[in-house]
Structures are given as structure tokens and as C-alpha cells.
């Protein structure tokens, strides 16, 4: 009997090619770990059994250096391709040990989690790199006043540093989400077999340890039927993508306004319009974030209204989607990182905008409360009147002085008080409380943000080392 | 000047009504907490100032007992409605203290987080209740063999308990996601003012503490511009909804198969077709989970390709959506909880299915390895042949014995060995490793699941108490 | 027996309230139409039967003028509430005629389609209104040169009119989508009963006609089980929302750049920052479009992986969601319409931008091909060199003349040729082919766009009249 | 200067590879059509110009037979790769004609629409094939009674044919959606240049005709900036996917219940569990429909909150996503088609279910109205009592007779009347109105469904021929 051409052409062959390209090393690792645990079983202690198992193990390791067998429409998947090759090479008795207490159900889920772990580490790495670049931009912009917008209009003075520290905090929370998701990802399905575990006393904790997992998934049904960890990972990816889309939105607007400049290696020009400097990497980043955000729905639909059981929907059929989202997201992050790392604010342009602003007027009202003992409502009334009059006369906030204040019904104060209050740089400098834009405040935030970055770097490195150590050990011939 | 009728009718009025109905207590709490922090400022230490502030505080508290003022198209929002009422009642000098270092930006975000925190606690409570009911179902089903499906066909014997413990593990992970998200939700934007904080030395940590938050959001720009916590919460809700949709799918299939029975209070009948017992609460639960899952996209779109700044998209405009998703999700969970708590498996029907199954055949192969020293591949070959022959003769697995095994090329073993291996209950009992379906194994899982439930209950209760204690204190007149 | 409190509180009661508020007139119309068709049945020809049916019909009509009965937890839905009231008022014999060949399945689907039809007409009306306002803006902007952006940088000169005609074309396609969807919406499920139709020879075409539908849904199973028309409608709504989000994006950017100005009734100001004119209606429109776009997923999930059968998922349970999306979308369109209708371009600001542009340089190359017989590649090379040199010297394109062209290796041409070619207004005027920005071309487009608008208006009015005529007739007492 | 490695590695290179693999023939066709239109310009009439243009055209055609040049990081895209190759081969003067009145903006959008058109035709073809298979299943099942479910419980008798005719109607509506979308897809952007058209009098209608489009996109700005046609296409795909998911849901349930059987070529077995016949193609189809439905969100996000301008988001960056969705959807449809075409209902199993049903009881009530002159309410009351009593006594509906009816308070009727009314086959046969399940009714529906299928087949074939004729002509050397 041979399978229907649609089943072969739409399922078996593309799945096999995907596995051969993306999953093979994880498959071999999972099988090697399983074989070592099988070797500890009572039934495996006879010398003949031991020799058979060792031979199978060595043969497995050799597959790391060559491609999987070519696709054959008679072989249902990559596991069977490897298995049959071992049978041919070593005989059924030796190869058969691989299948003791093993099902494709637990094997596949383990392979998918190994791959998801690797992708999570890559994503984590990109978040750390982006955070570092954002903090460098913050460091450079401690004294660069930025008139931040609210509701698409000039809102209040702050600094380039303050804005970027907010972005860094956002990315730090995304890193935390990833690390939280890791806890639920870092558990090993092996030993669950089809769903009920095995009657052989397999040491599931040992297999998990051999694969660098923190622990086995306890319940064996859960191990093969749950798809929540995939939904969670793409949810984290969606969060990253949406947050990043907002930064991109600002960088594009600032580029269009001439406040932000990308180097030539990150713009597309026109042979005939020399001023044309299209910041297309930002646009391409945005498009990638859009797709990464949308791809989360492919995963959500795949876990919707299906039985809680071992199924293809969130198993083999989802791997390409996870790959797509991962590629989109990392592509977007790489492009964004380049634009943050190599983009520079035009401090002159920003200074001009700051000089012309009236967004600091609220500060004068605060000063009148502090310096002139006015009550807050009265102070705001006076300043509002003064600024409105100036606006009607076409005068900028910077031109205002004590006479204007008095004319608006305010108290007599020193010229310096008015001037200082309306100066955006002083506006910023006075906001030196927790998390404010004043340089002192920003420096403290910067220090804490770097410490947080170092902590996250250490945590991710720890996870990476654990996975790598396990891989190294597994790929070492049995001593 | 008055606002455009579309702006009034489509934005101001519905937003006001929503705030009056859902947000007022949080708004009053946030204002009260802010006022207490303002009272600690140097500018507030004069006796006149102190009296003004106290009067404002007392007036605020009184609003807890009455509805907000009626909507007026001249008043932009609920804050201004309260503020103007205070102005009228106490005069501008007293009311004005409310606005020291306050903006609607930080105020609104605080109100939204207070509300989100309350909803998160409600969701957490529902997850705990569902887990408890699932564990009770597990307890009842320790010895009830269930032939679990894989790929929509009978897969392997397990038990009702084992399945439900997997569901409990799933719900425990969703609880963990919620508790993880709580960490990022439980931070207070107050004191961020418009975005740059205030030049008054407001103690932001104190305001946060007064509102029962674990800490302030550090960076003040982040405090008013970030929308990631909303995206995360609906992501958790989506996870809950998708996981729940899978349980519903099974319960509906089991109900249709006659394996699961809901009480009359949870079915809809027909006056003319007495056997018609529609399990519509499950169907309505499914529909609610579908909508809760889809609603996550409303939130995702609202944070997509917008500036990183204070905006309406994820602020006032999103509150109705969050409310909708919350209502859908809680509705679904309530219905599902009722069906889990009051539904019962028909153990006779399940026993009949188990008696007729051949899904335990793999166990006989394992026995031949253990008892007859066969290698695994050979053992599987023999058993496969035997079962296929029986199938061709129309005999069930339960009828097979040593002769059949021998006829299929197997070794001679005792009848009991064959019978036991093929008995689904023994199949289950032998799977007594970590996380397996054997009663001993299940009891250990049950104990751990209950301990985990207790731990989560304590954590949620802790959060609840912190919020409640803050609320109580805030609503107490100033001594 | 009474139903479970979760079922009552989470399903029956909110559904009843929704039906009482939003669906009652449609329900009464559907019942009235059914009753008239029943009256034509052979079994209904006896005088007693006729009298009973007429009494039921008259009683039905009276319910249009009063609210449905209060919710009662014993009555499953609005139909039964009405039915039992009729039973009480007229006796079972009379009320019973309502149920001949009727099921809640076909009745409910008919009610939902009647409501969806009404919403589709409202949406259509909003699209027409928006298109009219967009065309007025185009009319005003025929001679207003706009340097259109591509890739977030100045791209080429066009006009305000040309841009708005593109928007009008987009909205016209959305109208076409709606009208196409109408064809699939405008079919009547009545007479399908539970799913198999009735053994009474009900004239389904007559019932459909009575309700103003174009035809019955042919297959009776299809009539109660299909949910595709809802998916299609929200798909149209999503298209409208996404297209509108792009217009909003431009209007916000132009407002921020000072090119576009909303009247005071459509901005939010600040008492203390008089220049602050937040274009919040655009922001609120954007937020509504985001939610309307996302809400489509709630509908998609509700039709995903469920049996093809009569179900609650896309029936009663979806009506609130459709209502939500409709409200969001109409809210967004109303706000956008106000901003298009009342917003004005600052022609001086646009003229300044046009005067400084170099985006017309490509036109000079085209002129050299036409006037100097150069081949296209050579002409582009010469112009590119000339403009780059000017850029390096800090000179604008407007300052360039024949000497510059010659110095760049070009031929000698008259000064007027260079000047004209680089003049954005001439650039526009020369693009007078099909669909181009030249005033002549734009006027032709405007004429066609208005004709298309008139045609669509007539089609929608036709649908509206058909529905209205049916309603009028149905609510008239039987003569 | 060379571009940043992230821009090269994440954008230029993968885009180039995609274009080389999937877009090249469309690109060459678009260029050839443009060149022919350029050849009609006044500036192209000199013999030298004509020769240059013809040489370029011939060189273009040759690229159909070889792969595009290898990717080079200096060449921004496939168009420039071809263009530079032509420059090298023929000289700049000849190649330069390609760029007269051409921009990558209109060129790319044309290429994407050509590709989308090809995919739409493929999807249309699959819908036709599926409809044909569904109608064959209907034909086979005219007399096969199926107890259809409502709300996951037995609902009413109908037939396999009736159900499949409903499915066919659903798929016919999806075909209609596709054909409607075609109208908006089948318009040609060429001649729009960057956005404002050209000052050369290019005959845009001629270029459109040469590419087999029905017409040019009128407004040139619209031509390069609109993304709505992509959103619409994936919306149609989502509708197809959701509708298909519902059919899959039923086929899986019927397979699990033993009512539906797939041939061996469409099941996966187990070597050791011979009865295990996993209908995995249905499961894989479901997974593909889930992903196709979810992928629509990737497209929606890509058109959300971006300017209405020529952009990468819905241009090059979206092509891979459209490809992914297309592959998933076609994969799902191929698998589903195989399962419909080769799956068979187990008529014996269905007959057993029908024999035991009580879902036909409503028919007896209808008979009492017709035969015994009872009013409908009274008839339903009597039958309900009778069936409930039988249920309490454990008797099936089929065992009921006139005595039972009388005992329940009903009139005396002939035994045959009771028996016939309760016989599911008679229940079906009597439902012979428009769209009912009676064989006569079903045959009429079948005839109409086949006519509709033929009409749609002719329409799609017409579109296909138009595209093919244009392609043939374009790839023919200039005579």
C-alpha cells in the first residue's frame, strides 16, 4: 500500500524536508539521551543487550555529520528514516532498543521543545543586544532636550536619554516575559511515551537532565497533549513585536522631521533625487513586526477547539509557523538594532525645537506656588493668562518676563525665576525625582538598567550553558 | 465653544458613562492617595494649605457613596467632573491641590492598572476554583479506566484521574502566567504627571504604597506611554481561553458518546424529544472562549504602529474591550466550572469501552522483553502478528492467550502473563513511574497538585489582601 | 427544575436583555411574516383556524409598542417570552399556530440576518457620507500641490485632489465589497425549521418576500448551520477599518506638520498651553478602527473548528460581538468623517514645501528626451549629476538653470524648459494621462467618482426601501 | 558604499531569492508589456529608438529561459539585476527605454497583482474540484438517512445528500467571494510610475490589456498605495478555511463514530494495533486551515496604521506571507478533497442509528394537525406525553403505535399513520419543499448546484484564458 499523493505531497514530504533541515540535531540528541536512559534499565544489563545499545548509540552519533536519508514516500517521518537506517546498519535487535518505552509522541514534543528553547535563547540574545544599544543612545542623550509628544502634539520637555530609558524598561519587561516563559518551556516530555508512560522503569528525570532540561514534565498525558508553551512563546514574541513597532513609529517620524539620521548604509537613495534618503530598514523592520505579531494568530488558531490529546495541529504542523515568526521577529530586531545603534539625533535640530517651545509653562505655575506662596489653582490661572496673551501677540514663551507675569495678574518675581522656569533644560533639570528626566535621575536609572541588563545576561547565559553542556555530553561517544 | 457632536456622542459621552459605571472607585482612590502624598510636600505645610487639602480629601471620600455627576458635554471626563464638583463645593484653592504634580496621564494609567489588577484577581480566583473542581474529578476517577484518544482514534488506556491531572497542570501553568504578569502589572504610574514627573518632590513610592502597589513604575515616561501590561494580560487570558477550549472539546465529545453526563440544570431539553439533552452550557462556554481568544487581537491592534507616547488607543479607548474580554472569559470559566464540578463520567460505559479495546497490546511486547528475554524489536514483531491475526478472525484482544502468542511465533508464556498484559487496568497499574496513570502515581501527583493549588491560593490571597488593605486605609477619613 | 445559576447568569439573562434591547422588532417581524405564510397552509383554512391565526397576528403587532416581558429564569429566551405571553393572552390554540413549521433555529438565524442587514445599510450609509466628504476635499484641492511621501520621505509632487481621489477609490471598493456581501446576506432562512424544513407546504419564497429578502436560503440545512455571512461582513468591516487607519495616519502626520488644521470643535486644548491643539478625534478614530479590525477575530474564532450544524457559537453568542464591532466602526467613521469634512489644508504651508522640493527632477530628464532627443538613460544621468552638484553647493532645485545643465554634461536648452520642468505645479500639470494629478485629469476622475457615488447611493437606497417597505407592510394590521 | 549587513541579510538577499524563485516570470511579463507601450510613444518612433527598444524586448524574453543573475549585495532588487544585465548586454541606451515612465512602484505592484491573480485562479480551481467531489458524495447519499446533530446531540433526520448540498452551497458562496474579489484584483497599476503617472503619454489601457487585466487602476496614486486587494484576498481565504474547518470537524467526528471511512491510503496505522486507523489527513487539513485562517492577521497587521503611500509593508515584505497562506490553504483543500472524494459513509451504521432514533417525533404532531384536525399546540402536547412515557418505559420510538397515542390523550388514528410519521425515511421524504431533504427536493438542488458549478467553472476558465492569452502573446517575439 502506498499513501495518497496529496498526503505525500502536502504532508509527508514537506514535513520530512523541514525536519531534515531544522530538526535533525535535536532528534538525534533526544534519541541519544533516551538510549542512555534505556541502558540503565534492568532488561538492558545483559552483555549482549549492552553491546547492542552501545552500537546503536555510536551509530546515532554518526548521523550528526551527514544529512538524513533522502525522503522516501514509504517512510512516514524522520524518526523512522533514522530508525530504518540503523536497522539496516546494525540489525533489528540493536536498533530495537531505541523503541523501548519510546513513542513518536514524546519524542516529537521533546524535539519541538529543544528547538523552541534554542529559538528562545536567540530571541533573548537579540533583546539584550537591543537593550544595550538603547542604553548607549540614552547615555549619549542625557543632556539632549527632546520635546516629547503626547496625542501627536508637542507635550513636554524631556531628554533623549529619558525616552530611551523608557524603551529599555519596556524591553527589559519583554526579557522578563521570555525568562518567565522559559520556566514552562524548560521541561522534558521524554518518557511519556504515547501518553501513559512506560511499564519499564525509565528514569525520566535522568533523560531530562541529559537533554539539559530543568526537569521532566510531570504528568505524562500533559507531556504529549499540551500546546500552551507554544502559545506563550508566540505571545512573548507578539509583545516584543508590538512594543518594537512603537519605537519604529517614533524613529520614522523623527527621521521624517529631520531629528534623527541614519548612516548611508541604512538608507536607500535615488540616483536622480540626491536628498532622497529613504530609511527603509525601519520600514522593513515595521513590516516584520507586523507579520510576527500576526503570526501569533496562526498558533492561537492551531490550539483552538481541538481535543486535549496528542495531535498534529500543534506538533509537526506548527513547526514551520514557529520558524516563520521567529525569522520575522529576529529580522525586525536586527534591523531595528542597526538603526538604534547607528542612528544619531540631530542635536541642533532638537535644540531649535526646544528653544521655540511653550511646553514648559506649567513649571512657572509650580514656581509661583513654591516661591510666591500662591495656591496651585491661582498660579495656573495666572500663567495660563500670560501665555495666552503672548500667543495672541505672536511672542514665544522664551521672550516672557516678570512684566508679562504681572500684567496677567501675577505677583512680582525676579526675571531669573521666569526665565529659568520657562527654559526647557531647567524644566528637565528640576524633574529629578524617581524616574524623572533630570541628568542626575537619568544617571541613576542608567546604572540600574545596566545592572538589570547584566543580571538578565547572566540568566540567559546560564540557560545557554546548560543546554550547550548537555549537547556536548550527548554528542560525545560513550566512554 | 462646544465640541463636535461626533466627538461628544462617539467619545466623550460613552467614555464618561463607562467611567461612571466601572472606574469611579479607582479614580477616587487614586486621587485620595495622591492628595495624601501632596500633603507631605513642603509647600503644603502651612496651616491654610493643610486645611484646604484635608477638606478636599474629605470631600473626595464622600463621592464613594454617590454616583458621579451626570454627563455634561462641556466636561471632558470623569476626573474633571469630580474636580469641578470639588471646586464648587470647596472653592478653587482647596480643589487646586489635587492638581499639584498630577496629570490625567498618570492618573488615568493608574486607574486602568487598578482596574486591571482587580480583574486579574478575579481571573486568578476562577482558575483556582476550576483547578479545585478538576482535582475533585481526578480524585473520583483514580480507578476509572479511560481509553484516551490520539489523532481522533483510541490510543491507549489511562484513567479519568490521569487526564484531569494533566488539565490541572495546564491550569496551574496559566495561573503561573497570571502571577508572572502580576509582577509587571503591580507597579504604579502616579507621580509621572504628563510624562516627565513633577518639580515638586512627590514621594512616588509612598503613593504607590498607599494604592497597594508593590512599587512605582520607575521611569516616568514609561509610566504613561507603555501598553505592554495590557497586551500581556489579554495574552494570559487568551492562553486560558485556548486551553479551556480543548477541555470543552473533550467534554462535548464524551457527552455525545454517552461517557459524560451533565445534570438537568445544565442541559436544555425539548418538550417533544425527551432524550434530547443538549449540553448547551459547554457550547456557550466554547463560544465565550472563542470570543475571549479573539478579543486579544483588539488589544494587539490597539498597541500596533502607534507612537510610544501617552495616547488614547490603549488608554480610555481600550477599557471597554478589556471589560468585554474579561466578561467573556469569566463567563466561559463559570460555565465550564459548573460542568466539571457537576458532570459525572458514566463508569459503566467507560468500562465497556475498555473491555473491548486492543490498545494495550504494546504492553505484551514489553512483557516478552522482561519475562522471556526477547529483544524489543522481536517482541513487537510477534505481538503485532498475533493481534493482526486475531483482528482478521474478528476476535478481541481480551480473548487472546498463550496459544495465540505461540502461533504468532512467540515464546510459550503463562496464560496469566498474556491476560494481565492485555488488561487495560493492569496496563494502567504498571505505569507507575513519575507522572504515570497508575493509582499510586496519580495519588502522588494529586498531593503535589493540591499543594501547588494551596501555594497559588496563598499568593493570590496575599495580593488581594494588599489591595484590600490599601483600599480600606484610603477610604478612611484622615485622622 | 431550575437551571444552574451560571447558566442563568452568564447566558440566559444577558442574552435575554440583549434580545430585548436590540432584537425584539426583528423577532416580531419574523414571527409576523411566518404567521402570514402559515395562514396560507391548507390546515389553516377552517374559519376557527383563521380566527386563531389573526388573533395571534394582532397580538404580535401590539408588542412593537411595549417592551418585552421582564426576564424570567424559567423562560429560555425572547421567543418563548413572547410565545407564552400570547398563550396567556389568547390561549394555546391560537398561539400554537406560531410554531407550525417553525423552530428557534430558523427563527433566530432570520432575526440575526435582519439585524445584520440593518447594520450593513448603516455602514453603507457611512461609507457614502465619507466618500462625499472626501470628494469635496478633492474638489477644493485640485490646484493644491502636495509633495507626496513614499517610504516616509518626500516622493513626488501631486495634489490634494489626487490623493483624495485615491482615498475615494478605496472607499468605493469597500462599498462594492459591502454590496457584494449583501447578496449573500439578503437571503432568508425561514421555513428551514430545525434544519430539515417542514412537512407542511410552507411557501418559503413568500416568507422571504414578506421580510424584504431577495430570496430564501435554498438548502434548509445551510439556512441554520452556515456562519459564513457573518465572517464576510466583519471581513468587509475589517477592510474598511484598515483602509481608514491609513488615512488617519496621514491626517495625523499632516496635522503634526502643520499642513492640516482641524476646527476648535475637533481639538482638545490645554488651559495652560494655548498652542496645544490635540487632534484627539483622529486618535479616537484610529483606536476605534484598531478595535473594529481586531474584533473580526472574535467572529473568526467563533466559526472555527466547530461542527457544521445549528449552534450557539455564531448564533446568539455572537450578536454582542457584532454589535461591538459595528459600534466601533461607525464611531470611527463618524469621527473620521467630521475630520475630513471640517479639516482644511494650510495651502501656504504646502506651497512653501513645494517651493523647496527637488522631487520634480525626474521631469527634466523626461524633457531632455522629448526636447533634446537624448536617450532616456543619458538624460537621467545628466540630470542626476546636475542635482547632486546643486545639493553639494546647498542650492535648491528651483535655482537651477541651463548653465547648470550644461555644466553637468547636458545639452543647451532654453531657461524656460529647465524652470518649467522643475516647477512642481508644472510637474503636476503635465501628468494629465488617465488617473494622473493634472487638473484636467483630476476633474475627469471627480466626475466619474461622483457618478459612482450616485450609483452606489441608488443601490443602497434600493435595498433600504425594500427592507423598509417590507417592515411597513408587516407592521400593518391584517386587512 | 555598501549596505549594512542586517539590511543585506534580512531584506535584500531573502527578497531577491524569493523574487528569483516566485516572481521572475511576472516581472519579465510586466517589463515586456511596458516596453511595447513605450514603443508607441512619439519619442520612440525614430528608427534608432525603435531598434534599441526591440533589442531590449528580445533580450528580456530570453530571461524566461534562464535563472535570474546570482544575488549581489550591490544590486537592490530583481528589477535592477535584470536591468543591469540588459545594460551590459545591449548598452545603456537600449536598456534605458525600460525606465521611461516606469518606477519600481508601479512595476512591483503589477508583479504582485499578477502573482495574486495566478494564486486566485489556483484557489478557484480547488474550490471547484472540492464542490464537484461534495456533489458526488451528495449524489451517492440521496437515500442515506443521517440523524443530524444540533447542539452536539441528535437533532433531526436528514440525508447525507442534504448535508453535502449545504456544504456545496457554502463552497459556492466562497467561490462567489473569490470571483467578486477578482474584479478588484484584475486592474493594472502600470503607468502609475512613482505615484503621479508620467508626462509621457503612455497608453495605460494598452499596457493593462497586454497583461491580461480587465482595466488599469484609474487613479495613479491609488495604483501604488492601495493594499486593500491583498486584505480582501486573504479574507476570502480565511472564509474558505473557516468553512472547511467545520466540514473537517464533522468528518472527524463521523470517522470516530464509525460512520465514515477513509481508504487505507488516507490513514496512518500502527504495526502493533491493527485497528488503529488514524484519519490524519483530516487532522493535517484542519491544521492547515487553522494556519491559513491565522495568516490573514499577518496581512491585516501589515496594512494597519501605516501611511496611505507606496510602502514595503504590503509590497515586497508581504509576498512571502501570501505565499505561506496560499500553500497552507491549498494543502488543506487538497487533503480535504481527497478525504471527501475517497471517503465513504457506512450506510449500515447510519441505518442502525436511524432505526433507534426518536428525533422524528415532531412529525407525528404535524400529522395529527393534518389528519385529525388538532390544533398545533394540542398535537405537540399529546406527542410529547407519548414519547416521554415510552422513554420512561425504555421503549424506542419505533415501537410506538395508536394505543400509545390514545393513552397519551390523543385521537385514534391508523397504525400506519403513527408508524410512517415516526419512520426517519418518511420524515425525510415528506420534507420535499424548497431546499428540503426529500429525494425529489434534493435532486432539484443537485441539478441547480451542478449548473452553478458549471457557470463558475466557465467564469474561472474565462479569467484563466485571458491571463494565458496575454502571457502567450507577451512571450512571443515581436513580429
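Here are some notes:
Order of writing sets the chain letters: A, B, C and D. Residues in each chain are counted from 1.
The working rule: a contact is a pair of C-beta atoms (placed from the backbone, for glycine too) under 8 Å apart; a residue touches a chain by one contact, two chains touch by 3 or more.
From a predicted model like this one, the values you see are computed outputs, not experimental measurements.
Common neighbours of chain A and chain B, listed by label, are C, D.
A comparison of the C-D and A-D interfaces places the larger number of contacting C-beta pairs at C-D. If each chain is reduced to the centroid of its CA atoms, chain A and chain D end up 35 Å from each other.
Between the CA-based centres of chain C and chain D the separation comes to 24 Å, rounded to the whole angstrom. Among the residues of chain C, those touching two or more other chains are numbered 149-152, 249, 253, 268, 280, 283, 286, 290, 293, 296-297, 300-301, 304-306, 311-312, 362, 380. Within the complex formed with chain B, the residues of chain D that make contact are 149-154, 252-253, 255-256, 268, 271-280, 282-283, 297, 301, 304-306, 358-359, 361-362, 365, 380, 383-384, 387-388, 391. By the touch rule above, chain C contacts chain D in their complex via residues 42-43, 46, 49, 52, 87, 92-93, 95-97, 99-101, 105, 148-152, 155-158, 162-163, 165-167, 169-170, 173-174, 176-177, 180, 183-184, 191-192, 194-202, 204-205, 216-228, 231-232, 235, 238-239, 242-243, 245-250, 253, 286, 290, 293, 296-297, 300, 303-312, 362-363, 366-367, 369-370, 373, 375-378, 380, 427-428, 430-431, 433-437, 445, 448. Contact residues of chain B toward chain C in the complex are 1-4, 6-7, 9-11, 76, 249, 263-266, 268, 280-281, 283-284, 286-288, 290-291, 293-302, 304-306, 311-313, 317-318, 321, 324, 331, 334-335, 337-338, 342.
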